[in-house]
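Both complexes shown next keep chain A, but they swap its partner, so chain B is in the first and chain C is in the second.
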Partner chain A sequence: VPCVSGDLPKPTNVAFISINMKNILQWNPPEGLQGMEVSYTVQYFIYGQKKWLNKSECRNISRTYCDLSAETSDYEHQYYAKVKAMWGTNCSKWAETGRFYPFLETQIGPPEVALTTDEKSISIVLTAPKKWKKNPEESSISMQQIYSNLKYNVSIYNTKSNRTWSQCVTNHTLVFSWLEPGTLYCVLVESFVPGPPRLTHPSERQCVSTLEDQTTALEVK
Partner chain B sequence: GLKTLHLGSCVITTNLQGIRSGFSEIRDSVQAKDEIIDVRILRKTQSLQGTKPADQCCLLHHILRLYLDRVFKNYQPPDHHIFRKVSRLANSLLTIKKDLRLCHAHMSCPCGEEAKEKYSQILSHFEELPPQAVVVKALGELDILLQWMEEA
Partner chain C sequence: GLRRCLISMNLHRVEESFRGIKTAIQAKDTFQNVTILSPSETLHGIKPLDVCCVTKNLLAFYVDRVFKDHQELNPQIMRKISSLANSFLYMQKTLQQCQNLCHCRQEATNATRIIHDNYDQLEVRSAAVKSLGELDVFLAWIDKHHRGTSAAS
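For the complex of A and B:
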């Protein structure tokens, strides 16, 4: 049933939230219609092509987000998306995003972080984050394969002395030496790609204790 | 960090990261002025990285000349902030173009059929549009050109 366009205010803050190429279109309900039974319809556009395309799973939906990862998966292309609100027989005009360039804008998620310790050092092994994939059976693509210049900012915090070091690395294994035995250290890692600024997503903070100093332990016996 | 561009036998270094960061500051406002979203000037089929190395220098040289002679020269910035950013971008690209001209002088920037063909396609996309609209669109596509250079 065609609706009367323009009688409703538009959805607001329409934008792509993109992490590791998982591209979600997100918006806020129109002003004054929060909590009402509003439904939404989404369309997207590939820059340089000819027409707006429907996303069938995001037609007349009540949620305020739509996963457009599959539709925007060619990250050398640029995209637009738009959403309109409907309530009864009224609907809003379209609210549109700016030009979205996944390759430049996607946030790089944190790597997986594995820690092992001995008395005076902590070894860290990093595994690059994985690119979004359409279905689980597909083989995984590492974000490193897409961004060859992917780097990591590794921070280590001594909970006893409250001191923090940071180190920027490109390889996936590193060792922090000359640490204090029997001390709790916490590690935080952030992936980043040199170039235009992007939002970042630090890893969960992981804490581990260095082993007790074996020499003093022996003397005590 | 400086980036070394290997364009066939022409090798130049440039602060590509600085240029990209500079453009990212004005990208949204420049692209917002481009309302002709069903036309793209720099298309995947003419990409630099999809061109054989020997022709990459010539193709980039021609694209930069197009930008410097017909985009930056005719662009009317809406405010002083954008004017300053665009001027800095133009100067950076001018430096790259001068380096490519040196390669040309040393016979390491040949123009083969592929470069000529791809550049003429880009030019025809460029000339499809009215002058002021195409200037805004081309400037908005600098992120594509810079990405091509990053991947070259």
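For the complex of A and C:
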């Protein structure tokens, strides 16, 4: 049933939230309609193509987000998306995003972090975050393959002295040496790509203890 | 070799200037169904050997056509566009030091021709606005292909 367009206020703050190329369109309910049973319909547009396309899973939905990752997976293209609100036989005009360029706008998730210790050092092995993929069976694409200049900001915090070091690295293995034996250290890692500012997502904080000093341990015996 | 022919300038300031005008300029571009740079037909297929020539040709496209054809009333946007234009002149000067290395093969010439043809399809003011709005595509391409090497500057 066609609705009367323009009788409802438009959804607000329509924007893509993108992390590792998982591209979610999000919006806020129209002003003044919070709490009412409003439904939404989404369309998207590939810049340079001919027409707006429907996203069937996001027709007449009550939630205020729509996953457009599959539709926007070619990250070197640019896209628009729009959403309208519907309530009864009334609907709003479309609320449209700006031009969305996944290659420049996606945020980079944290790497996987593996730690091993010995008396005075901690070895860190990083695995680059993975690009979003449609099916788990698909082969994974590392964000490193997309951004060859991907870097990591590694922070290590000595819980005894409350001192923190940070180091910016491009390789995936590094060793922090000259640490104190028998001390708890906590590590945080962020991925980033030089260029346009992007929100960063630090890894979970991981803490490990360096081994006790073996020489003093022997003397005690 | 080609290494000397690449642009070493810090693109971040150029990208920052563009980000300052992106929303306003792209909002003026009402023809979403056409593009000027058409990256999948032009830039994405460029081989390393053709990077220098395509860069030189597109810098000239922006300097000689786009920045000249665009008319801007907003003084803040005008300042950012002037800054972009000056950066492009600097990049042109950098590449001029490599004339003997910047060979233009047919592939590079074809890619450039597509872009000029796209520009000519539109009314000149609309074409200029659209080209300015697509600067992020060109700058990302330059950044990707001119990275991590010492250059003539």
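One rule holds in what follows: the second predicted complex is superposed on the first by the 221 of 221 C-alpha atoms of A that agree within 3 Å, B and C clash if a C-alpha of one lies under 4 Å from a C-alpha of the other, contacts with A are read in each partner's own complex, and residues count from 1 in each chain.
Here is the rule we go by: a contact is a pair of C-beta atoms (placed from the backbone, for glycine too) under 8 Å apart; a residue touches a chain by one contact, two chains touch by 3 or more.
Keep in mind it's a predicted model, so treat the numbers as computed, not measured.
When both complexes are overlaid on chain A, the residue A:92 reaches neither chain B nor chain C. In the superposition on chain A, A:196 makes contact with both chain B and chain C. By the document's definition of touching, both partners, chain B and chain C, reach A:45.
Contacts of A:72 after superposition: neither chain B nor chain C is touched.
Look at A:144: by the touch rule set out above, it reaches neither chain B nor chain C.
Using the contact criterion defined above for the overlaid structures, shared-chain residue A:103 touches chain B and also reaches chain C.
In the three-chain superposition model, chain A touches both chain B and chain C at residues 45, 47-51, 76-78, 80, 98-99, 101, 103-104, 194-196.
Those residues of chain A whose C-beta lies close enough to touch chain B in the complex are 45, 47-51, 76-78, 80, 98-99, 101, 103-104, 194-197. Listed in rising order, the residues of chain A touching chain C in the complex are 45, 47-51, 76-78, 80, 98-99, 101, 103-104, 148-149, 194-196. Contact residues on chain C toward chain A in their complex (touch as defined above): 11-12, 15, 19, 22-23, 26-27, 32-35, 38-40, 44, 133, 136-137, 140, 143, 147-148. Across the complex, chain A is touched by residues 1, 17, 20-21, 23-24, 28, 31-32, 34, 37-40, 43-44, 47, 140, 143-144, 147, 150 of chain B.
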